[in-house]
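Dumping the structure here so I can ask a few things about it.
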Amino acid sequence: MTRRNFASRAAGPLLLGVPTLFLLALFVVPLASMVVLSFWRTENYHIVQDWNLGNYITLATGGPYVTFLIRSLVMATVVSVISIVIAWPVSYAIILYGGRYRLLFTLAFAVPFLTGEVLRVIALQGLLGPLGLINGVLMALGAAPLRFIMYTNIASAIGLVYLYLPIVVTVIYLSLLNFDARLIDAAKIFGASPLRAFFEVTWPLNLFGTLIGFALCFIPCLSATLAPRFLGGPNGTLYGMAMAQQFGESGTWALGAAMGVVLFLTSILAVLAIGMRVNLRRTGFTGFGRG
Amino acid sequence: MYITLDGVSRQYGSVWAIDRVTMGIARNEFVSLLGPSGSGKTTLLRIIAGLERPSQGRVLIDGVDVTELPPHKRGVAMVFQEFLLFPHRTVWENLAFPLRMLKLPAAEIEERVQWVVGILSLGGLEKRYPNQLSGGQQQRVALGRGLVGRPKALLLDEPLANLDRELRQEMEVEIRRHQTALGIPFIYVTHNQEEALSMSDRIAVVRKGRIEDFAARTEIYDRPKTAFIAQFVGRSNRFEGTADAGGHGLATHCGASLALPAPVLSPGSPALAFVKNEKLRLDAAGVGAASGPNRLACTVKDVILRGAYADYILAFGARELNASRPRSERSFLAGEAVLASFEPGDIDVFDVKGEQAA
Amino acid sequence: MRGRLAKAATRYALLATLALSYLFLYLPILHIGLAAFAKNANFPYPPRWTLDTFGRLFGNSLYQGAFLNSLMLGIGAGALSTLLAAAATLGLIRHAGRRTGLLLTLFVAPLFVAEVLVGIASLIFNGLFLELQGNLVSAILANAVHCFSYALLIMATQLYRYDWRLDDAAMVFGASPLRTFFEVTLPLIWPGLLGAFIVTFIMAFNNLEISFYLLGATPTLPSVAWGALRYGVKPELYALATAVNLVVVLGLGIMFVLMFTGKATFGHRPERERAV
């Protein structure tokens, strides 16, 4: 075997093998160890290797946890739907009217996303908090402050939309960018009105992108820890926030691991449920190869 | 006329992409818009379709002014160069799309799709998605989608450009057959003169946004109206020269003397002449008069075999001439001395502005 | 006539939504930006300008140390994830064959797992099974997992458009695979690499949900900010957020200029557009 031959044969396994090992070691194995831990228990801040289902029984029956989960599911669904409803016209407007500055418009949406959650929560408190912009303006005008945006679930929802709208916009924008707009021409030639053409061609062919956007908003919202903690009120505890507490103040790691498994499975089930219900071929899904 | 363009112009910025085009197309006609890329032929088609609005002028279809109508209200259909089949719809659904837009009852949709599947031999492919089809199959579906709604006219935008040569020739015959059978006008945009010549009743040669000539295909080929058409349609030998004192002869810069069928040039004026490759007759040197008007003594430089005929590259002094002869005639070898000759009637002469002189 | 009216109405509705969305995103940022430069930080309208807040921020040794740690975290995780993602993207396009689907699913899976889960899962694995204390290295590795998928997506948009026949051409003319990479491939794909590095650097620099569980006692800017936030918002936090915002805008600005002047078009396909 010549050297060049060897180099080109080794390239594939090397290029693909190293990232695969990396993800197996630092992503798959840690997740598996979380599953293992969820079947053990914690006693006085110590892990006891004693296989049992106690954590899951606590989660299924123990008072607030079911409420937290349902509240998280409702919150994540509402936030994702609102984000998509806003993101569609926004991305469409960028595509239609952005011209050569499209990329700039889209990057402008990405700036807040890249600033990090902590700093954005700080900015949101500047907007919504008791001393924030909105209430400051209201009080300066002599009006009463808005109570429903201070430390409530509504404040959490606004915060989560603020946090995840940028990624939904980016995903739907990219989907529209790869969409062959001449298909709209084709639909119109064959008698579809502009509105009809939108629902026959544009919407279904970008449904896959929209679903990805939904998932990329839904999943982090479900596990949100910061926004409910600093924007939500006493009735605003979400599942992710409760889970984080198991690893902090309460030190019940095993229960936290079980909550992690629940969150993980819920996310996967949500993605699969959406994925199974739609026929991928009818959503503009272009397969894994070149689009 | 069934379709009329009346002084149609289209301006992009300060450029006139379409410049005062007026033409009429009859109900039964197959018309080609033939021109080099960038000549404005596709823009013209998109204006007829309603995808672009003319800056000036009117478009009439079946006596109705449709200039202000959006594409979906014009009742025409189109076959696109890249097919533009809906990727999220099966073949059957793609074919049914125009019928659903017409709000036809389900039974009639079924029947019409079956009809178009039949005439285009798409049987068995109904459930496939476009990316599961070959290029030729996609082409037939695109054509079927254009025909299924029985449109007022079918517009075809270089529909064969993405197919290989053999498939293209097959489709040419098929497209022409459907046009004859349906009796609706087909307007066919192409830069390929063979496609235009093989299918059309009439050809409009488009150049820089204007119609250079709009005439029957034989007219366009045999009696080109302008130097541009003579050069663009068919393959010819081009001569530049000066008219002689009587105006019925041309002395070319390359040293040939051409005898024209009639005194058509003003004496001493510069002129252009074209002789189609297949009009150049070849004889072995030494047969008949050696040289004279329309008789050029040449040497064969190379022979290119095309199957039914052969292309000869000839050296005439310092320049090259091209001749195309059927293989049934006597063939020549490279290096042989030959006499190339042609009839006065085979010369297309133009004055130097490119206007036809004859 | 009705059609044109509807078209105009659609246009204004779309543009209004766009404008309102930008307002929603940037109002808080501008508000705290003003507050950071104002003596009356709580309601800086009109602002009484001062740079004292920034002085206190930059003079604070806790923030200084945290900044350096965040910088190392960003560079480490950004470089690692960009290199791995470049290898993975090249491998997927050139060598994966029938395994493409499976591998791609693995490679983008971190996108579909919440950051906080990556954080606690790594914490459990490191702490419980390897019995390692958290430090900057473990935080870099865990952040690289999440950044990897983003880097992969950014590079895929660039590399899918790359014409691999250019590589074949180079090899036909005698270039070795390595030579081909450095002479042909790299010069054409570097905007993708740079874009991926900038984005992943910024993500890791600002990350809390993963880093929080893996840093041990190492402070970074987000964790210090989180600690301070628990005791209420202070003007220093506004200044910190504003400083980071400015850096992010600067980074994306550089990326934009490079992509705009360079050959990179970020998935732009002009032939698919139509006259609107």
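We just call them A, B and C in the order they show up, numbering each chain from 1.
Heads up, the rule we're going with is that contacts are C-beta pairs under 8 Å (C-beta built on N, C-alpha and C of every residue); 3 or more make two chains touch, one makes a residue touch a chain.
Quick caveat: nothing in here was measured; it's all calculated off a predicted structure.
Distance from the centre of subunit C peaks at B, each centre being the average of the chain's Cα atoms.
For the pairs A-C and A-B, the larger set of C-beta contacts lies at A-C.
Chain geometry summary: the mean Cα position of subunit B and that of subunit C are 54 Å apart. Inter-chain centre distance (subunit A to subunit C, centres taken as mean C-alpha positions): 15 Å. Note: centroid distance subunit A to subunit B, computed from Cα atoms, is 56 Å. Within subunit B, the positions touching two or more other chains are listed as 51, 70.
Looking at subunit C, one finds that residues 3, 274 touch two or more other chains.
Across the assembly, subunit A contributes residues 180, 182, 185, 194 that each touch 2 or more other chains. Only residues 4, 7-8, 11-16, 18-20, 22-23, 26-27, 29-31, 33-34, 37, 47, 86, 89-90, 92-94, 96-97, 102-105, 107-112, 114-127, 129, 131-133, 136, 140, 162, 165-166, 169, 174, 177-182, 184-185, 194, 215-216, 219-220, 222-223, 225-226, 230, 240, 243-244, 247, 253, 256-257, 260, 263-264, 267-268, 271, 288-291 of subunit A touch subunit C when the two sit together in their complex. Put simply, subunit B touches subunit A in their complex at residues 49-51, 70-73, 75-78, 80, 82, 84, 86-89, 97-98, 101-102, 129, 145, 149. Taken together, the subunit C residues at the contact with subunit A in this complex read 3, 6-7, 11, 13-15, 17-18, 21-22, 24-29, 31-32, 35, 42-43, 45, 84-85, 87-88, 90-92, 94-96, 99-101, 103-104, 106-107, 109-118, 120-126, 128-129, 141-142, 144-145, 148, 157, 160, 176-178, 199, 202-203, 205-209, 213, 222, 225-226, 229, 233, 237-238, 240-241, 244-245, 248-249, 252, 255-256, 259-260, 266-269, 272-274, 276. Contact residues of subunit A toward subunit B in the complex are 180, 182-183, 185-194, 196-197, 200-201, 204-205, 281-284, 286.
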